[in-house]
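Next up is a structure, given as structure tokens.
Chain nomenclature is as follows: A, B, C and D, assigned in order of appearance, with residue numbering initiated at 1 for each chain independently.
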Amino acid sequence: MDFGLDQEQQLIVETVRRFAERDLRTWAADADRAGAPPDRLASTAGELGFFVDAVPADAGGLLDGNYSHLTRALRGFELGRGCAALAALLECSVEPALAVGAWGSSAAKAALFESLTNGGIATFVHDSRGAITVDGDRLTGKLGPAPGLATASHVLVATGELLALVPTKGLRVTPITPSGWRAAKWATITLEATRVEPDFVLRNSSIADVLAWARTSLAARACGVAVAAMEHAQAYAADRVQFGQPIGKFESLIRLRDDALTTAAAAKLLALHAGWQLDTKHAQAHDTASRARVIAGDAVTRATIDAVQIFGGYGFVNDYPVEKMMRDARAFEALHGDERLGRVLAQK
Amino acid sequence: MDFGLDQEQQLIVETVRRFAERDLRTWAADADRAGAPPDRLASTAGELGFFVDAVPADAGGLLDGNYSHLTRALRGFELGRGCAALAALLECSVEPALAVGAWGSSAAKAALFESLTNGGIATFVHDSRGAITVDGDRLTGKLGPAPGLATASHVLVATGELLALVPTKGLRVTPITPSGWRAAKWATITLEATRVEPDFVLRNSSIADVLAWARTSLAARACGVAVAAMEHAQAYAADRVQFGQPIGKFESLIRLRDDALTTAAAAKLLALHAGWQLDTKHAQAHDTASRARVIAGDAVTRATIDAVQIFGGYGFVNDYPVEKMMRDARAFEALHGDERLGRVLAQK
Amino acid sequence: MDIFHDSPLFSGIRQMLNAFARQAIRPIAIEHDRSESMPWALMKQAATMGMPQTAIVEGRKKLTGVDEDPDPKKPKSQARIAVAGAEELAWGCAGVCLAIGGSGLAASPVSRMGTEEQKQEFKRLLAGDDEHGHIKVAAMALSEPGTGSDISGLKTAARKDGSHWIIRGSKQWITNGKSAAVYVVWAQTDPAAGRAGVRGFIVGRDAPGLVPGKKETKLGIRASETAQVHLEDVRVHESMMLGVASESSAGLADTKKMLDSTRPVVAAQAVGIARAAYEFLLDRVRSSSLHGTPMASHQHIMFELSEMLMEITASRMLAHRAAWMADHHQDNVAEASMAKAHSARTAQHVTTRAMVLLGEEALEPGHPVEKWYRDAKIYDIFEGTGQIQRRIIAKTLAGQNPT
Amino acid sequence: MDIFHDSPLFSGIRQMLNAFARQAIRPIAIEHDRSESMPWALMKQAATMGMPQTAIVEGRKKLTGVDEDPDPKKPKSQARIAVAGAEELAWGCAGVCLAIGGSGLAASPVSRMGTEEQKQEFKRLLAGDDEHGHIKVAAMALSEPGTGSDISGLKTAARKDGSHWIIRGSKQWITNGKSAAVYVVWAQTDPAAGRAGVRGFIVGRDAPGLVPGKKETKLGIRASETAQVHLEDVRVHESMMLGVASESSAGLADTKKMLDSTRPVVAAQAVGIARAAYEFLLDRVRSSSLHGTPMASHQHIMFELSEMLMEITASRMLAHRAAWMADHHQDNVAEASMAKAHSARTAQHVTTRAMVLLGEEALEPGHPVEKWYRDAKIYDIFEGTGQIQRRIIAKTLAGQNPT
């Protein structure tokens, strides 16, 4: 057992951390207000290999050999420390790329990889509420809300037993700007007897795998947001003076921060463990990924709410970063539905 | 990063797990009622290398090279799954042995290792409440309550800046049987201007190191108790029928168990991480060990109380194992004082 | 005198029982917890000072010194008196409190459903002392090994034989099960009728075939006796079957109603335990220092005390409201369950946190907070588990019949 | 009519305000949250239906239709009326509720400490509409950038110049700070005197040197305006300084007392938010299914609803009790803080859990539960943070003076 990072992991963590601290944190507030990412995101992130990191090398991507969900979790944590909304845009193409790469027909691969290698993005939507009805090869109902869906060329749809790649061209796409992850190009899509190309149905595929990938990444990013919220809170508390001393010296506020960071540290390890189990095809991988999301959701909820508390009145206004983080926290627990409920029903 | 066990770790985990499931669980209830361990414990555990695992080979022990706190944490989790009280007796000699091995004089080493290699035990007491006053080389005040103290030949005492090995021979030892860890041979010792041999003072030593060792082990064992409590609860809930179905199918009880196991899984990783950081002399080791104990304390408290809840009336009576576990849970948070309080004060 | 208690009567009872708890219960609590023994001497003392085992059968007059207004429409005070008193007694020791009140569980259905003849027989069986000089106690024999939260499926059966009923079955979790002089045994008289077929029978200890079973060793409330009771073809004369007089109020349905009415009282007991732990910690904090600084100067500790007080206050108000509603003849099923569930959580939370904050001190054998930690747990289990309470609340939310 | 409200008056007000919240507030709430705009039309409507901005100055007569008993010893009903009403309005929308009541913060000290002349001037400045046809509003200008929870160190200074005071400083977190027609500005008149030197001044919007500053973009309660106010040597005639008449009731101490009295009302607003989210989830659960099974058949969801109801009920009772104590002239400092702290936690917990249980639905823009989640947070921050409330409770526990 070795908790140390190997050279490649070390390199990726340092690179993404620099990117998150220097760029994402700088862009976060404006992107949040604008409800859109900065133009530079695509180019800068592209140079770092995002968007095509899960696209096979022979298809013009960067994936050579097996994809590492552990590395993705390490990366996701750093991205979350930067900006949850921009992180979502950088991560949302991974599930479609991996799923199509694993189970897609050559036609599906050609279509998706061609888009991704030309600067397009894709995203994954899990119909957790049973809002979509499948009639033969036709889908009817509402897709999303999902991040990236407003600009995605393709969406990987999981509903019931069906996992399929759906091109968004010609569909009724309704871009929306929720309160959280505002810059993440959300949309809903209304499917009206939309036909799924037989070639684009991913047969012998595992929706459970895709969900485990998504949950692991969500959990890691959530931990990053939780830690970032408390980093801001600590910096603020060191300066802010009340009752004659920096509020950072008040035991009650120290405890709020410390408890949140302890939960986040434990949740991060669980997310990394899930990533490692996915990489090693461990039997517990799906369960660990789900547990990681449960506790990471608790961590980000608590950390962001308590970070606003530590900021006091300043935490409630848009001039300071934690107000955004409290809004951003919600999507981590909402996407794909209530994780605890899913676990409980699965164990009945 | 690799969450897999190497061959030696695998072997130790399997061996200790077999011992915990076959022997410790069998002995637990009777030992709890008797307030003493079974005679077989010493011999059986001795064969497995307990008691002298932290004693250098050249002194007749089994420690060849560096001690692994990661391995100890892996072992501690399995022991906790067996019986918290007996686990305490098997682990309490480690801190004295390691501390004396690291910082002790040849006289201290000779005295302690001679006792341990001849079937004796030692234990560690941290004066967390400032109950002991140091006057020159004389100690006055109350030691403990601490597990193992009733039979220990030596006690490693940490008070203020002083870390010293104190032989119990001739001291006023008051054996006690608390409500939890009843079989762990607890005692308190009243020191009346007890003189500490100069040779037995561990100079240039680090009390923080010793506390980190102890916290990591406590955290790992606490997770084991938490998991064991829910293992019993799950087995019971599968049989127990109420309102026409096994109570294991009630969503509210599934959630109690699942949330406890999620917290325990995360806490265990944090304890293992602390062990690894101790082994690699990581700068964060002390902090991680402390955080591990915080969340492991939460986990064992919640898991044992909720396991009793799942058992219902049967959980409240001594015929079933979880009643004991709820009593056993307390010492994990009480020993060495409230961990959260210590963390808060340290960050002021 | 607070909003819920608009008569000095309540404060009088509170003061009396608090003094009793402080002077008579606290000094013996730890020893009875250790030895798992009933506080017989104290129980006799309690009986002489207005808390007889048969108080419920005789009405509250002895306990309160006032007659209830006979007008059924007028507000009563019994429920609030019971709640105010229960907190004080449980503050002294929950186990002793349950030992003192243990017979009430059996007396309650007799007072509700019993004929005058049955009440006299019940009181006759409880009169005087036993061979040990102990007062006599009664046992409510309802629960069975198979029925914890789900009491609709009683296995104990009663079959008619001439003018007698013959009862066969086993009971579990029976308070006073080993020591009782009289039992109210619940059995199924008509399997086809289901719940409506369940009836209660007054059975004397010396009835042939009534065999007390194993006494349980419990996590807490160890001064209260819990035992199994076996019924091996016990013959009971039909005149001792409860609820014949008024079919409407007969059977288990009414027993459940009776259990509903005890929830605010049980909730108040849990509040008493929480308050005891809170006050112990508060005293310690006021008098002790921590590495040289007063404990009271540490937010970490003081804010937890504030939380405890907040939760204790909220639980108490929920219990008092549920009792106030009962006294005012309002349906309080959901409110009683809220009080029970909330106070059970408060008692567990407060006692656990108090132990953590006290550190190693609370590991000492016989430490009161450690005892209260063990005592508190039963309040989330008996008289309907926390899950049952939430189930009742949820059913009212969903607009279903909660019983 | 429940225990705390022994007069039909309360249920009447509750019904009236609930109808108002349902029909007038709910339909516009989401839009004002989105656009961060004050609900001027609704505010005018509210003023015409008995909720004038000057209600507090004029006494509760308009609002309640009854005069308070002038006998100071007799129980009052104002505090309970305010609490009962606040829950309903905040149930509609906390931001709109605060917009409607925003002027009350300034009116309160005027009504408490103001001379007849000052009250008339205050009302004169609020009379009629402004150039946009909006009703006029008042602003309580107390908080400053440096003083959040700690208001003892005000930096804004007032120095005497003949028969005038000259005020200089900056204020932050000022409700109605940009739109107010009249401000009650708090300034230090005598640095040596510390807290006792702080005084309030009635200042008209057009006073030279009074410059409204930046309007804040907030996480929640966005229908209520919050802005900075700068005072650049504003001249105010000494006759407009509050608290001269009665030295005893003068200064900041009294202002804090006034803030104390608002805590139960603020607590009730938090309860209103929690109840709104709870009821939304309950309606959804009753009407929806989950993968084919009714949502109401799932313990996982129903038990959380039970928890929510339990916490909401407990918070409401704490708020009502604190108000009841105020109406009965009892010291309720600790109780008011308990109500505030408990209800703030309840509002945050209930809205957060409701969002989680609703899943992706609650991510849709303009979803009411998502708005309530953002609105709830301020209740743990303004009018004294949760830490300040616990500090007050803890001080009373330690036997110290909580203020």
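Methods note: a residue touches a chain if its C-beta (ideal position, glycine included) is under 8 Å from a C-beta of that chain, and two chains touch if they have at least 3 such contacts.
The shown structure was predicted, so the numbers you read here are calculated from the model rather than taken from an experiment.
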Farthest chain (mean CA position) relative to chain B: D
With contacts counted as defined, which of the two, A-C or B-C, has more C-beta pairs across the interface? B-C
Counting only Cα atoms for the centres, state how far chain B is from chain D in Å. 52
Once you find the CA centre of chain C and the CA centre of chain D, what distance in Å lies between them? 43
Indicate the whole-number Å distance between the mean C-alpha point of chain B and the mean C-alpha point of chain C. 38
Sequence positions of chain A contacting 2 or more other chains: 250-252, 255, 340, 344-345
Return the residues of chain C touching two or more other chains; collapse runs of consecutive numbers into ranges. 298-300, 303, 387, 390
Contacts from chain A onto chain C in the complex sit at residues 250-252, 255
Parts of chain C lying in touch with chain B, wherever the complex brings them together: 143, 146, 148-150, 172-173, 216-220, 226, 290-292, 298, 300-301, 348, 352, 355-365, 370, 373-374, 377-378, 380-382, 385-387, 390
For the complex, give me every residue of chain A touching chain B. 1-6, 9, 70, 74, 249, 251, 254-255, 258-259, 261-263, 265-267, 269-270, 272-273, 276-277, 280, 288, 291, 294-295, 340, 343-345, 347-348
Within their complex, chain D touches chain B through residues 298-300, 303
Across the complex, what residues on chain C touch chain D? 3-4, 282, 285-286, 296, 299, 302-303, 305-307, 309-310, 313-315, 317-318, 321, 324, 338, 341-342, 387, 389-391, 393-394, 397-399
